[in-house]
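Okay, got some structures for you below.
Next come two complexes built around chain A: one with chain B, the other with chain C.
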Partner chain A sequence: MTHRADASSSLDNRGYTGPLIRGANPITLIETAVRDRITESLYWKEQCFGLNAATLLDRAVDLSYIGGTYGVGMRPTPFLCLAFKLLTLTPEKEIVLEYLNMGGEEWKYLRALAAFYVRLTFEPVDIYTTLEPFLTDARKLRRRRKEGYVLVHMDEFIDELLTKDRSCATSLWKLPGRQQLEDLDMLEERVSPLQAELDEMEQDEDGDPHNGSEGGASPVVRSSSSEG
Partner chain B sequence: MSDLKKTAYGAAASDTDFRKTWDRSEYEAKAKKEQDERREEGRARYEAKLEGKKWHKPVDFSTLDATSSRAGRVDVASMVGKSTLIPAGSAIGKRGRGAGFYCEACDLTYKDNVQYIEHLNSKQHLINTGQSGEVARATLQDVRNRLEMLKQRKREREEEDKRMGEIDLDARLKKTEDIEEREREERRRKRNEKRRKDGQNGIKKEDSGWEGRLGIIS
Partner chain C sequence: MPPPMPNPSKRMTANPARPVARYRPGKAVQEDTSSEEDVSEAESEKQSTPGPAQPRASSFPAGAQRRQVPAQSARKEESEDEGFVTEEEDEGEANGVSLPAAHVEGQGRRVVQKSTTSAISRTTEADGISSTEEVGSEDSEEDSDEEEESSSEEEPHRKFQRPTFIKKSDRGKVGSTNADLSSNAATNGVVSASPAIDKIQADELRRKEMADLMIKDKLERDAAARAAGRKGWDDDDEVAAEDMVDDTDGLDPEAEYAAWKLRELKRLKRDREAIEQREKEIEEVQRRRNLTQAEREAEDREYLEKQKEEKEDGRGRAGFLQRYHHKGAFFQDDETAEILRKRDLMGARFVDEVQNREALPQYMQVRDMTKLGKKGRTRYIDLKGEDTGKWGQGYDQKERRGPKPNFDVDERFRPDHDGGAKGPTGANASAVRDRRDGTASDAPGGPRAMRNGDYGRNGGEGADSYRLGRQSRTRSRSASRHRDRYEDEDSRSRRKRGPSPYRDRDKRRRVDAL
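Entry: the complex of A and B
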């Protein structure tokens, strides 16, 4: 089984016969303008040529920041170029999970990259079940913005992927809210890892239940569920 | 010419053993082969032109290797700032070795590193270097092996850094201390000399250590 070294088979949409994501060519998940910036960048031409899911790891472990585009000329970050390469490769689900779990333990930027890919390509239920465990991961990430670098944490980034509309120069497709999926019985109610702490806090406060969320690590906690 | 290995009186020359000996028959055969090939190609091109078509060199697609990613960066910065002499007629457009980035396999020169890298990715170059432009798809096992290998490499690098770091730190501190000591001594000596000299002339001069440094003019 082989695929072309450059992404030419997927870039031109007319003859595309590869795997589809939600009925469309996977690379259409990224907007045309950003797509053009990526394919014209030196990093893409030099480093992303001839990669497959295994050799992509060599590049991914050398990542040192996440981000979309930066600078006045909208230059793409290596993170975005590798995410685009993943979209053209469309690796199997196990491989992506391997990146997230095994690879991500060692290299946090690999985990961020895999999480971004999961958010773009998996089904809603799978997205929630795959990404929520990583809300406990508190490692620091460097994010490159238009003007400079900022500090974010891994759990902040994952929460952003789960709740916001845009991240890293792409508009993330509309994810149904967790409440909806729970009502449809596709997902179980979320038990926050901090639930024990919260309950303790509530007990300590002696009848002052809605104390707000404790700590910044899991903002998805719903403070009204004292019954667990 | 007579046998070059013998001197005038027939004795074997021993100081010319360093010269390379050429196997004439081998090179003769090689030249003949190349000439035949060129003639064949010329004939094929001519015939195709008569028909109004273009002749392409036949490529056997099954013998081409799979493509893989680049191991290192492409070297574009090594000749920056250096001047090279190039014969004037050595390049017509892109063909031939001219000024710029030269591709050996295709005999093309590019003026720009981006064009050069694009060329290295192009089908023409891949075929000329015997690659097919297809990349083998990675299986889960491949990915796992790769992760293991990268982890290994990372551990080794960390160990090396740790080892290098310990030794160097102490040595580095000592070295910087020594350097500072020496500088202080130098300055003291110079100051003493100046004072002795200027004391004789009756003019006292300031320590010139700060003059010129950071643009300070005394």
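Entry: the complex of A and C
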């Protein structure tokens, strides 16, 4: 498939022959109304033209806030535009993991972007296994809501991706609950680094001897000041 | 000749572009030289014959009329015909003469730049050499062109430069520069050595520099903005840096770590609770399976009762004929769903709304209070009030007992019959004896005994039961029956005429006739 500079090959759904996500055109993961807002926005037309997986990084490091749409006219945030661009590009899994892990170490908004993409496109088990380690990342994110800006943390954002139905102007496709996957033996139980502490707390409360699973190493907190 | 094309640079009026200079007694009139410039611009290397007969290099002390006349004529002619050189020269002549006079007088109030150039040109002309004249005219052209350009730069519509004030000390230099220029004019094409001209150019240079600086500033600012991360498409929402949410990490590691810990623990707790919830549910299901059907039903009923109680206690009753409003079944967030669940839609009412409609007089027991006292008000209340029937009764009940005896009323006012009035009522209620099927039975002279027998039979059973009597008899009207009766009662059968109405006039019950 020829790689076209704009996203026209995927935007028009009729002759779409690219990679499918769960049997459908990946951009259908975002609703039509939001999709229209994105493609009509200045950021998309100006900055997202002709990006590939590598040049997208240049844009991603310039991000300064996450969010869906804001304002009265439902203007899309650059974050959402880039996420949409990722959906049209459908980079490979390794690339996305690179974004998440290595790139995300230094640029937290890139990590947020990659996490969003993972949540939309990966398989359920992979989603859980990929995103849960980042629940220990406590960096601050700036989130743009309809009225203004809000402070949110990376672990909160990822938790929201894993549990809520809607985030960033998109309805995330239905993720089977962790319990279900555990019952089906596809997933193992999540071991939180704070497990030990939690068990201690419960022990103090209830007085029952809880067999706390071994808590991992002390949680790693990114305290380095990172760029927005 | 065709009418001349309108000159776009000129106004549409016939007035001069600039008013004529005022005449002040004793002072030489300052001619404006705009017309001159136009002409000089328009002209090519033409030299036309001198128009009006004016002596050229006349040192005649110029009078006002003379000057004005040629000026006006020049203007008029100019307006008609571009490209006449003579006017310029004449004017220049006049100007040239006038100018030294002005300077001699020490006016110096206004020094018209153009007049200096014209003076230059005139001085060249005054040399009297045609070639120099030509050159001079060229120079003057170019000068004026130059000045014209510079002036056009500033104000494209004015034909002359803004006069600048020259101090008294500097005024003398004009003459000297003129002399200089006159020597240089022949050599140089461009003359720009006059201080006034210099000043203009210096001003322009300065202005250009300023403009450049401003542009540079703007560019720098743009670059800085871009570097700072503000994108052009975000320009319309400017958020002050202080208001912007700060997302720098590492400001307070301890606090951040503590906050993170808190969040993580909350999440874990939430997960734990979810697990417990599920376990409880499973337990409950198990337990219910072990109960019997009856117990399950009992529990369900209890639960429903409790729910209803809560609901009804919590909510107010709907007002009289209030519309039922459903709060909607669209997608709701958790928070909004909570709020909506608690909200009591049907019980909401205005402060002055009527709670107990029955307490009002009946005149006011209407749905719409605004119609009280108005002409169009109907007495309609609701459908049930209009119904005259028993509103749905009697369809599935079996009325065995009939209407209940009402003992509240006096005896005189009780209904006549308790429940047996199944027959015709009202005017039809009088006892009618049985219809005679045949005709012969009405013979007047018939065997009374027989008839009495019939009557007796009928009457004996009482008026109330005449129907029973009738019912006991078969009602067949078959001829065979008739024939039987005929045979029974010969008198009847032998009747020639039909039954007379006179006999049967009184159809009432003849009790006495028994």
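The working rule: the second predicted complex is superposed on the first by the 200 of 228 C-alpha atoms of A that agree within 3 Å, B and C clash if a C-alpha of one lies under 4 Å from a C-alpha of the other, contacts with A are read in each partner's own complex, and residues count from 1 in each chain.
FYI, a residue touches a chain if its C-beta (ideal position, glycine included) is under 8 Å from a C-beta of that chain, and two chains touch if they have at least 3 such contacts.
What you see is a predicted model; the values in this text were computed from it and never measured.
In the superposition on chain A, contact of A:78 is made with chain C only, not with chain B. In the superposition on chain A, A:46 makes contact with both chain B and chain C.
Look at A:31: by the touch rule set out above, it reaches neither chain B nor chain C.
Looking at the shared chain after the overlay, A:123 reaches neither chain B nor chain C. Residue contacts after overlaying the shared chain place A:188 against neither chain B nor chain C. In the overlay built on the shared chain, the residue A:150 is in contact with chain C alone; chain B does not reach it. Of the two partner chains placed around the shared chain by superposition, neither chain B nor chain C is touched by A:200.
In the superposed three-chain model, the partner touching more residues of chain A is C, compared with the other of chain B and chain C. When the shared chain is aligned, chain C comes close enough to touch A:139, but chain B does not. On chain A, the surface patch touched by chain B in one complex and by chain C in the other comprises residues 42, 46-47. Of all residues in chain A, those touching chain C in their complex are 41-43, 46-47, 62, 64-65, 71, 78, 135-136, 138-142, 148-151, 153, 155-156, 159, 178-179, 190, 192-195, 197-198, 201, 219, 221-226, 228. Chain A meets chain B in the complex at residues 1-6, 42, 45-47, 49-55, 57-58, 61, 91-92, 94-95, 98-99, 102-103, 106. Put simply, chain C touches chain A in their complex at residues 229, 231-233, 237, 239, 244-250, 253, 256-257, 259-261, 263-265, 267-269, 271, 274-275, 278.
Here chain B touches chain A in the complex through residues 66-70, 73-74, 114, 117-118, 121, 126, 133-138, 140, 142-147, 150-151, 154, going by the rule given at the top.
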